[in-house]
Structure formats: C-alpha cells, structure tokens
Amino acid sequence: MAEQTKLMENEVFLAYVTYSTIVLLKMMLMSSVTAYFRLTRKVFANPEDATLHATGEGVKKYVRIDEGVERVRRCHQNDLENIVPFIGIGLLYAFSSPDLFMALMHFRIFTASRIYHTIAYLTPLPQPNRGLSWMIGYGVTFSMAYTVLKNVWYL
Amino acid sequence: MAEQTKLMENEVFLAYVTYSTIVLLKMMLMSSVTAYFRLTRKVFANPEDATLHATGEGVKKYVRIDEGVERVRRCHQNDLENIVPFIGIGLLYAFSSPDLFMALMHFRIFTASRIYHTIAYLTPLPQPNRGLSWMIGYGVTFSMAYTVLKNVWYL
Amino acid sequence: MAEQTKLMENEVFLAYVTYSTIVLLKMMLMSSVTAYFRLTRKVFANPEDATLHATGEGVKKYVRIDEGVERVRRCHQNDLENIVPFIGIGLLYAFSSPDLFMALMHFRIFTASRIYHTIAYLTPLPQPNRGLSWMIGYGVTFSMAYTVLKNVWYL
C-alpha cells in the first residue's frame, strides 16, 4: 500500500480529505433534519409512512406538503447541486499539486460558506445572506476548476 | 502507470471499486424505471415528450403528476442523497488504509441496505422496512466518515 | 508528491480530469441559469427572496411555480442523475488502465451528449433529440462500468 501512504503524506490531499468529509457529513445531516421535521410535524411523502398515525383512508391527510419540510428539502437539494461539484473538482484540484496555503483557503472558505448557507436557509436569515454565501461557495469551486484546467488540458 | 497498478493491487481499493460501481449502476437503473413508468403510463414532465400521443393542445393532458412515477423519483432522489456521500467518503476511507475485513463489511452492508431500500420503496413494503434500510446505509457512511476523520484531521 | 506527479503523467487520467471538470462546470452553470430565470421572471421559492419586490403579504405572489424555471430545474436534476455516475464510474475506469483511444472516445461522446442534452432541453428541441442524447450518455457510463467490473470483481 505504498502509494496510499505517499498520498496520505501529501498535506493538500489530507486537507481535501478532512474538508470533503466535513461538507459531506453536513449534507447528510439534512436527511436527518428532514426526517425530524416529517416525524414531528406528521407530514409524509408516502402513505405507508403514516400508518403509525392512521389506518385505511385516514393516512391520506398525513400525505401532504409542509412549507417547513420543503424548505429543508430545498436546502438539501442546493447542497447536492453545490457540494457534489466541490467534491469532484476538489479531488482533481488536490491532484494538480496546488500551493498548500491556496488550497487551504479554497477548502476553508467553501466549507464556511456552505455551513453559513444552511444557517441562512433554515433560520431563515434575510437576503442577501443566503445568496452571498451560495455565491462564495460557487466562486471557490469555479476558482478550483480554473486552476485544474490551467494545469491540465487534454482533450 | 506504475501507481495505478499499485492502487489496483490494494484489496480494499479493489473492493471499493466493485461495490461503488454496483451501487452507482443501481442508482442509474432508477432513470430507466422512471422512463419505463412515464412511457407505459403516458405521464410526461414536458409537452414535447407527449407529441407521440397527441398534437397541439392535446399534449397538455399527458403532462401530469402520477403517484407511481413520483414514487420512483423519490426513491431516485433518496439514492442521490445517500449514494453520493458513500462514493465520496468511501473513496477517502479506502485511502485511509482500513482493515480489509472491516472495509468489506462496510461496503457489503451499505450495498445490501440500498438494494433492500429500493425494493422496500417500490413494492412498497410496510414501514419500518424502508426506514431501517435507509438508517443502516446512513450509519455505515457515518462509520466510514468517523474512521476517516480519526485518521486524518488537517484543518 | 511523487505519486501525484506519476498520476498526472498518465494520459487517460489527464483526459478524465479535463472532461470531468468540463461536465461539472456545465452542471454548475445550471444553477446560474436558474438564478437568472428566477430574477428576471420574479419567481421565487422562498418568501425572503422576494423582499426586493414586495413587503409583508405582497411577497406571496412572487412565491410561485413558473414553467420556464421548472424546465431548467428538471434539466439540472437530470444532470445530477447522469453526471454524478459518470464522475464516479469514470474515475474508477481511469484507474483500470483502459486503452487511451477508447477512454477518449468514452469521455468525448459523454461530454458531447450532455451538452447536446442541455441544448435540447432548454430550447426545447422536438423529441427524440433529448431522449437520444440522454440515452447516449447513459450508454457510455454503462460501457465504462462494464469495463471496470470486467477488470475488477472483488466482493
């Protein structure tokens, strides 16, 4: 396992591993928040989920749309749309031998922006809190993609 | 290509490659199931998709919501929300030199839980079949993330 | 960083890095298109997003569904469902030492099919333009998955 050991001695890669795991855990947390809202507000997407509360035709009133649940789901969807490109482009960026300080700045700003984005979405904070935090994370990923394509362009 | 060869001699990495490909194929299968339901039930999301069945204003009646299609789409969305973190965290976990037996257990339980989740969602099986299978896969990914961050913490 | 350097000397991996970054950027572009449609058409998903245009109860009329916005969102969702498996399976495929010419064909056809898919979705072009471009990209990812599992099968 010589090559893993070497990869795991590279500080940029270690930082990528740490921050990627943190943002993926943050994204996964949204599933639990959705489940918590669905269970406490008794709002379900499937009839079979409501059988604890009602039987037969009675389940239908629990299968409905709740604005609180929808807000969490939109936040989760925004995570998918933004964290997935970060994980993919970030890995390629980590492989392209960037400067350690620059890499840390990219990873830290992205992670902070996504945590702030979640707080701004769920509170909700007035705009432009959410809009700006989205844009900062988006900009960081673009900046990493630019660095990757500047170093590697093999069509 | 010396380093690929070495990576491809690592049994944990080989297992990660196999199980990742299987769960990604399972996730991709949901697109085909959705397409099958849309075509057989004649339920479309876009007017241009219904032009085989009607013309002009007539297409509108084919652009509608169908509970069967929506169920497949929720299942697909749940896959995206859970399989994506597994692929990302699993790769970092495979790089962190875990014990082969432990790694195999993580990958096998996750893959089984997601296949069972799909069966439970589409049948549908009564709860808590789907809820528990979701929770098991979620727990496996958390356990891998914990192992990664225990070994690597570079902020 | 010896192993990165070696990885970055592998032409298949360089091609994977280039095409992956391009399709991920294309996917990210959908967020901007959605934001552009929401701002120009004044259609928002959250009450706090509409406060530039109205106050108090007045914001409610800006929180609505617009077919143009929904079309962009469906296109973005289709990207998530198809580009994510390509990124994951493509990485494992690049590690499995494929023939350079075959790898380039896979990456090029996938990238072209997804760009054409977006054009076909947003114009919209009559079917089967969108359906075929989706199917081609889907087939390319399946073909890569087949190559991976033919070389690696460790359960």
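The chains carry the letters A, B and C, assigned in the order they are written, with residues numbered from 1 in each.
One rule holds for everything that comes next: contacts are C-beta pairs under 8 Å (C-beta built on N, C-alpha and C of every residue); 3 or more make two chains touch, one makes a residue touch a chain.
Keep in mind that what you see is a predicted model, and the values were worked out from it rather than measured.
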item: Chain C against chain A, contact positions shared by both copies (same if over half, else different); value: different
item: Cα-superposition angle relating the copies chain B and chain A, to nearest 5°; value: 120
item: Intercentroid distance (Cα basis), chain C paired with chain A, Å; value: 16
item: Shared-contact residues (touching 2 or more other chains) in chain A; value: 3, 7, 80, 84, 91
item: Residue ranges of chain B in contact with chain C within the complex; value: 1-5, 7-8, 11, 14-15, 17-22, 24-25, 27-28, 30-31, 45-46, 48-49, 51-52, 76, 80, 84, 87, 91, 108
item: Partner chain C, residues of chain A touching it in the complex; value: 3, 6-7, 10, 13, 71, 74, 80-82, 84-85, 88-89, 91-92, 95-97, 124-127, 130-131, 138, 141-142, 145, 148-149, 152-155
